[in-house]
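The same subunit A turns up in both complexes below, where it pairs with subunit B and then with subunit C.
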Partner chain A sequence: MNLNRLAGAPHAHDRDSVPRLMSAVLLAILPATLYGLFLFGWPAFNLLAITVLVGLACEAGCLWLAGRPVRTGVKDGSALLTGMLLALSLPPWAPWWIGAIGAAFAVVVGKQVFGGTGQNIFNPAMLARVMLLVSFPVEMTTWLTPHPWWSGTSPGWLEGWLITLGHFSATDGVTGATILGYARTELGMNHSLSQILPGHYQAGAAALGWTGGSLGETAEWLVLLGGLWLLRRRVITWPIPAGMLGAVLVLAGAFHLLDPQRFADPGLHLLSGSLMLGAFFIATDPVTSPVAPLGQIVFGIGCGVLVYAIRTWGGYPEGVAFAVVLMNAATPLIDHYIRPRAYGRTWRGQPRPVPARAKQPPLVQRSGVDARD
Partner chain B sequence: MRLHDFRGGVHPPGQKHLSAGRPIQSLPLPPRLYIPLQQHAGTPALPVVTIGQQVGKGELLARAQGATSAPLHAPSSGRIAAIGEFTAPHASGLPLPTIILDTDGEERWAEREPPSDPFDLSPEEVAHRVGAAGIVGMGGANFPASVKLSKARQAGVHTLVINGAECEPYVTCDDQLMRERAREIVDGIAIMLHALQASRAVVAIENNKPEALQAMDDACRHDARIEVLNLPSRYPAGSAKQLIQLLTGLETPAGGRGTDTGLLVHNVGTAYAVHRALRHDRPLISRIVTVSGGAVPEPRNLEVPIGALAADLLAYCGGVSDGRARLLMGGPMMGLPLPGPQVPVIKGTNGILALTPDEIGEAHEPSPCIRCGRCVDACPMGLLPLELSKRARGEDWEGIQALGLNDCMSCGSCAYVCPSHIPLPQYFAYARGMLAAQRREEQKARRTRELMEQRQARFERQERAKAEAAALRRAQKKQPVTVLEDDED
Partner chain C sequence: MNDYRGIFADGLWNNNVVFTQMLALCPLMAVTTTATNGLGMGLATTGVLLTSNIVIAILRDFVAQEVRIPVFVLLIASLVTLADMAINAWLHELYKVLGLFIPLIVVNCSVLGRAESFASKQPVLASAADGLAMGLGYTLALTVIGGCREIVGSATLFAHASLLLGDGFAFLETTLIKDYHGFLLMLLPPGGFLVLGFLLAGKRVIERVTETSGVKEEFHCSVQ
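So, the complex of A and B:
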């Protein structure tokens, strides 16, 4: 009668599973992705498709080589998500081989060599982005201003493929630095922000995504909406996003107050670059972030501080990928030192002393039905 | 009373509607009852009956052995058919020594002393009678109630907590008992307060049982020492440690006892059994069992003689409608999977469930841990289940103890929320088994060494004794000679 003799308790389960969590994250990032595709047209779509397909193929290949079940491994959606997040962090008109190399690196070196899903130390997509940025700085920093699908400047299907295949000549008409990159260059020439920003940065346009940048860093409000939905669905928890955004907000605010001409205001920091994407979708990657809430806060703050430091004083205009990868490396250390306090034990793990209050009757009144309120 | 909070926990669907509100019905007496000698924590009971002997209802079948043990009584009148091995309600499904009773259907009570007023008895005597009635913790822990009462009185416990939380899904036996027999429970509480010499009692009930809350509140209104409290419905609010924390904010120190906090937790079923034992001199020979689950056509709350088979209960509730159903003793969170329906109900059995594959969610194979930390958030003991299971997989027995394996109470919250469907408590059970085996090995080695040393010492003693005896003989031999010599002088 009973087929499963070896089954142990519990004999009930919450509905969530790994594929469901991955689908929720994919669903949450979909609006921002679609908006990005709409802004940058066919070449962006081609790049996204190539990145995702190469990622999936590499995942399947590695699983097959390792002699593991290929179908269930690919179906958990982690490779799909890695490909997607990587594509979102690339310049939208980057040539096909950037996406292909990046996706292969992310899945093979970033994840599978560590032992596959759950075993990697670094966020695969961010590791690949860092590798690409260091190896191919020109391709990785060729940004362009939005070319919405309905406007006449959006390339057609064939033209789109030519751009994807690398026949894209950067002309001033289409390219433009991101606001972070532009501000950095100009600040380097001792121009003050009040000279730099007007004409290049409007908070409203930045929030709506009408700026140059990678696919996923334009529509901040759609990214934020997706992130909030994930929080509400409890796919992610608040400590990492709150720590990361909070740290950037506090640092940017403090420095901006000190010298508004040298340090951009917190709004610019929050609304530009891939900070929002990083805080809600990348730093929250469970595999590479701490498990205990307090450790997650530390991790989030660490990411935020690094992002601000790299943006302000580092060698690159944007630092989300570096910040996340660096904090990933610190995760085992955080997990080792920051653990929840166990019931009946002190923070140091020693048994708690017998409570002194124990011998006194507790201070309660007979409340009867009132207790039910 | 302001409630405190406990860490973690989960919200499994209650599924209590299946059997809640169904009046307690008596199971028709089965022709044969199977009474395992080990139904409690501690030493198994020792049979005092012989095969073929006629016994009356309530007659002693086996007596307690040692300090922590409990006697067994005949759940009905009849003839002892056999004393042998029978499948026990235990995770292994292995047989254990069992008294098998053929009932005669007469329900003839054995002669018993007329009960006296429990409040005229000394607290020691009350605890003694609770023990003699074979009462154990009815919530599933099966710890002998009299031992708990005596120890708690010595520890100076001031508050008795009566646990009516019933946080396991499906199970409604305590709910129904409180709805129908609240006055008897309250009387049992008063007797227990006397045995404890404690000043007050709190009846803690999860807020998903409004009828039971009302019934208990009405029943204890006349006694100012007893208070009814409404708990949030969150598993495992009914675990003694979490319940104490909810009520007082205090934690039982690691490795310590619940009574260290000045509270003692007993189940409502135990209070009812105490009332029966002290007021009516009835030993613990029956209990209320919830028969429920998606594969049970007519879920019910049954009053069942100890020793009835799960098969008897299920047959009375319309059989099992799904051939793939998993049979459980207890609730789905901590219940025991049964190897088959031929397993007897024991004193701590609160539910017999038949769950469909859909209810269990067994379609999922375990996949790798993604370190999402949901198990960490869910663990009411503040442990890191993912790290513990990693140590168990790596057979790192020192590491797993350092991470607090001994603090884990196997509530199953971690596995309930795990999106990778990793059977975490099974890893912990495996580690516990390995550690126990290791300890046994060490003990054996130590004992062997001790015996060897003793043997060595014995040999040495013998050698010394021999040498001394020889020396003495020589001396004695020598002495007459010297005497002779002396004489010759």
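So, the complex of A and C:
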């Protein structure tokens, strides 16, 4: 009889594992990715492929160096997801070496140096994006106006490879600032928002994703859809996205009410840049976010406040990557002060009082065994 | 104590100031944006280490045990001031680049460290050898780290060497890639930490390989 076979706890679980988690997230991000590929054509596809392949190769190399099982490590999909998220946060027509250096940095310095999957302090993809933005500001801020595959302006396969290999001269009309970058420059010249926004920003187009921006961040509604599906599948939980989006919403709303000419409305903040992607797919990384739900809310609010502060007063037009990396650094602190309540205990760690009707003669204590064990 | 081979092996490799003792990292992160800066800073520190070790080894019998640290610090400070003025006078361009970090050799922990752990207990000649070896080891580390950061960060090697160190060093200047975009991160402090980390890992690997091949012995060094 096999019934008495010994097995360690937990005895009831729904067979979650790293590969399942990763494939669920990959599936959720797929619609936004496909939309980005349609919007920006072959060069975007090449960049995505190169980033993911370099990420996988670096993962395999590091695992081999460390003497760990290479095949299972690569197949768990964490490097695939890292490469994917990094590529989605890059400008779609960036040259190949941006993706390659970024993916190598993300996997080697961002993750494997700390001890591999599950050990990293910072979100690898966002760490690499910050590194790229600091090191290569020109390549990382050359944004495109949409060139969908069916429109005829999209480059062909060969031309796409030329762009990926770096033979791409940025010309006006092909490139254009993102709305956040444009608004920031114009605000710097003391123009008011009512002069800036008309003609450059339509809420509908922004929500549908018909704007310039990173490869996977333009289609807000597809990202949101993927995120909600992940929430439903309980791959991620609500505190971080709610905290992050809520903080941006509240701050943007309050400042917009104070001075509508200087501070953009909350809709623009929510529908542009990579806020949705960050809130649902990046900040929710279970490795680099706090454990307790309350801590996750603090983490999410911190991310949101930082995003709004960087967008409004910081040196860069977009700050999701910086915000997430900064809050990653604060995660151990949050975890130290806000701990989850252990089952059967109060928040202070004392045993919970037993309800009156469940009280029984204190058999256990008389027998000398500590009831709390 | 006439093991000069051992002293030099210690200073350059086994007990290297940077790669083993992990001392003097502040000037290291600050100045090693090019190999030239690293070389200049390393040589200045070597000069101070050598002279301070000699002076302290000479005076070690006259210094009471209770006041040795203030005395050593005073001696080192005088020597650093001398080095500071000398570099300002003869290598003014280098002085302008290294700036504050020359006077800060005073608080370079490796200098007082060698005085305390070696020169105050050993004869003059051995102390001089130790100072020279440690200084050269530090110079080596600074130059290698500076070289790595410079190659990756700006695709040159020993840029401005003739300007900073004198015309005799002009042959060192090389440009590896023309029209290089630059990899800014490597020139910023994080680049210093990254390069140092990878070089440390590299040194450990080399030591592990030589140890396992030299001494036929199972050597486990797994982190897990």
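Note that in this section the second predicted complex is superposed on the first by the 328 of 373 C-alpha atoms of A that agree within 3 Å, B and C clash if a C-alpha of one lies under 4 Å from a C-alpha of the other, contacts with A are read in each partner's own complex, and residues count from 1 in each chain.
Basically, a residue touches a chain if its C-beta (ideal position, glycine included) is under 8 Å from a C-beta of that chain, and two chains touch if they have at least 3 such contacts.
From a predicted model like this one, the values you see are computed outputs, not experimental measurements.
Once the two complexes are laid over each other on the shared chain, residue contacts for A:286 go to subunit B alone; subunit C is not touched. When the shared chain is aligned, no partner comes close enough to touch A:261: not subunit B, not subunit C. In the superposition on chain A, no contact is made by A:192 with either subunit B or subunit C. Contacts of A:113 after superposition: subunit C is touched, whereas subunit B is not reached.
In the superposition on chain A, A:134 makes contact with subunit C only, not with subunit B. Which of subunit B and subunit C touches more residues of subunit A is settled by the count: it is B. Residue ranges of subunit C in contact with subunit A, taken from their complex: 181-186, 188, 194, 197, 222-223. Here subunit A touches subunit C in the complex through residues 67, 109, 113, 115, 131, 134-139, going by the rule given at the top.
Across the complex, subunit A meets subunit B through its residues 1-5, 7-18, 20-21, 72, 76, 78, 116-119, 237, 286-287, 289-293, 296, 339-345, 349-355, 357-362, 364-369, 371-372. Only residues 1, 7, 10, 12-13, 91, 93, 156, 158-159, 169, 199-200, 202, 207, 213, 217, 221, 224, 227-230, 241, 245, 247-248, 250-256, 260-262, 320, 323-328, 332-341, 353, 355, 359-362, 364-365, 367-373, 376-377, 379-384, 386, 404, 407, 410, 412, 415-417, 419-421, 423, 425-426, 429 of subunit B touch subunit A when the two sit together in their complex.
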